[in-house]
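The structure's right below; bear with me while I get my questions together.
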Amino acid sequence: MKFANVIGTVVLTKTHDRLPEGSMRLVQPTDTSGKKKGIAIVAYDLLGSSPGEKVIIAQGSSCRQGPQLNTSPVDAIIAGIVDTIEQEGKILYQKKEV
Amino acid sequence: MKFANVIGTVVLTKTHDRLPEGSMRLVQPTDTSGKKKGIAIVAYDLLGSSPGEKVIIAQGSSCRQGPQLNTSPVDAIIAGIVDTIEQEGKILYQKKEV
Amino acid sequence: MKFANVIGTVVLTKTHDRLPEGSMRLVQPTDTSGKKKGIAIVAYDLLGSSPGEKVIIAQGSSCRQGPQLNTSPVDAIIAGIVDTIEQEGKILYQKKEV
Amino acid sequence: MKFANVIGTVVLTKTHDRLPEGSMRLVQPTDTSGKKKGIAIVAYDLLGSSPGEKVIIAQGSSCRQGPQLNTSPVDAIIAGIVDTIEQEGKILYQKKEV
Amino acid sequence: MKFANVIGTVVLTKTHDRLPEGSMRLVQPTDTSGKKKGIAIVAYDLLGSSPGEKVIIAQGSSCRQGPQLNTSPVDAIIAGIVDTIEQEGKILYQKKEV
């Protein structure tokens, strides 16, 4: 899974009939330090993430696990919201408490 | 899912016998600002998109969901037509009304 | 699906026991103008394409649709032979009649 | 499968309901000499790897084999811990004994 | 399928319980002329290939076809050993007889 920052929202007019209504998030893949890597993509969000949160995204057939999306043409989802990234004893990222 | 602009149409002479007749669109992947990213590819269009529209494309096995394409050798489809892309409260893209 | 030019043939000595005999084509991925993009790969050809033809290739699990290849370790096939590529009213490519 | 070094751990707050609890490792893909290649990603760890170990990672649907992850939105796992990499009679890497 | 040269062997200590024992080959992807392209990866070898042989590798779910690997976390296999690569009537590669 890749790291990404949730940066916005995408609204669709016409969609594939297997694409359930729900939040389509604009996510920017990043490295561990938060630096942008590649272009922003659209990920289906089952977790209720908010812009500004760091998440991990899963891509490919792994996105369609579970009853909501298993016959859906979704190739990227938000699989988790990141709390902490730790590397060699150092905290690289810590989610701020709200 | 990636952003792409619908820029044309592709006609095939001979095709795989599991490839249903239908619109094969020429789509140019882009970033959120509409800048070209990578080469144009061919995506199966179940949505009746038109050249000039901004869409999201799904790739891989996620393309074969639903009865029309589930045994078809299609690795890219148009999964939705974009209405709005919003980033940090700013509208990056808004589909023009016709 | 990506555009590619059929440029040759590959013969194998020893193969995976689920790989059916048949034509393994050497194909060079291209952009819409025919310019090379990336390295030449090997695609299974169910369509009887000939060197010099422009095709679309499908990759990943989408290759294994249909009875001939559905349990076969094939990750790229020729999914169609291109007749015409049209972009914004202009013909970018037109297959020559033989 | 690609080579990677285990360099840290990732903790998630909210996760997809099909993602089993367990160790999410921060892994840095490398070449055979250990040089970084691409960005660090998150891989599910069923093997109890430790930071500092060289592993091979599997990506895509191949990650979901076995009962723990087969309906899970995981697109990268640690598939093995490397003992030795040998190239043309030379040992490129040998795991240190503890 | 991509071309690769078999250049070595990888031994694992601890492995996923669905990974059958067998030869894990170090393979270097190449173009048709044998020039290195990208980093060396690990491919499962069902064919008994030897270092020095040119092979084609299949990646993704296509690797898990057949009874030995169908529930295995393998994302790259050696799908065939190359005898000849022919491009526009010219032999680019011919396996040497032993």
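As written, the chain order gives the labels A, B, C, D and E, with residue 1 at the start of each chain.
Keep this in mind: a residue touches a chain if its C-beta (ideal position, glycine included) is under 8 Å from a C-beta of that chain, and two chains touch if they have at least 3 such contacts.
This is a predicted model, so every value here is computed, not measured.
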If you check the contacts of subunit B and subunit D, which chains show up for both? A
Fit subunit B to subunit C on CA atoms, both being copies of the same sequence, and give the resulting rotation angle in degrees, nearest 5. 70
Distance-wise, how many Å sit between the C-alpha centres of subunit D and subunit E, to the nearest whole number? 20
Between subunit B and subunit E, what distance separates the C-alpha centroids? Give it in angstrom. 33
Touching two or more other chains in subunit A are residues 60-61, 63
From subunit B round to subunit C and on, the chains in turn are B, C, E, D, A
Seen from subunit C, its contact residues with subunit E in the complex are 7-19, 24, 26, 39-43, 51, 60-61, 63-64, 71-76
Show me the residue ranges of subunit E that touch subunit C in the complex, using the header's touch definition. 1-3, 31-32, 37, 46-49, 56, 58-63, 65-66, 77, 79-88, 92, 95
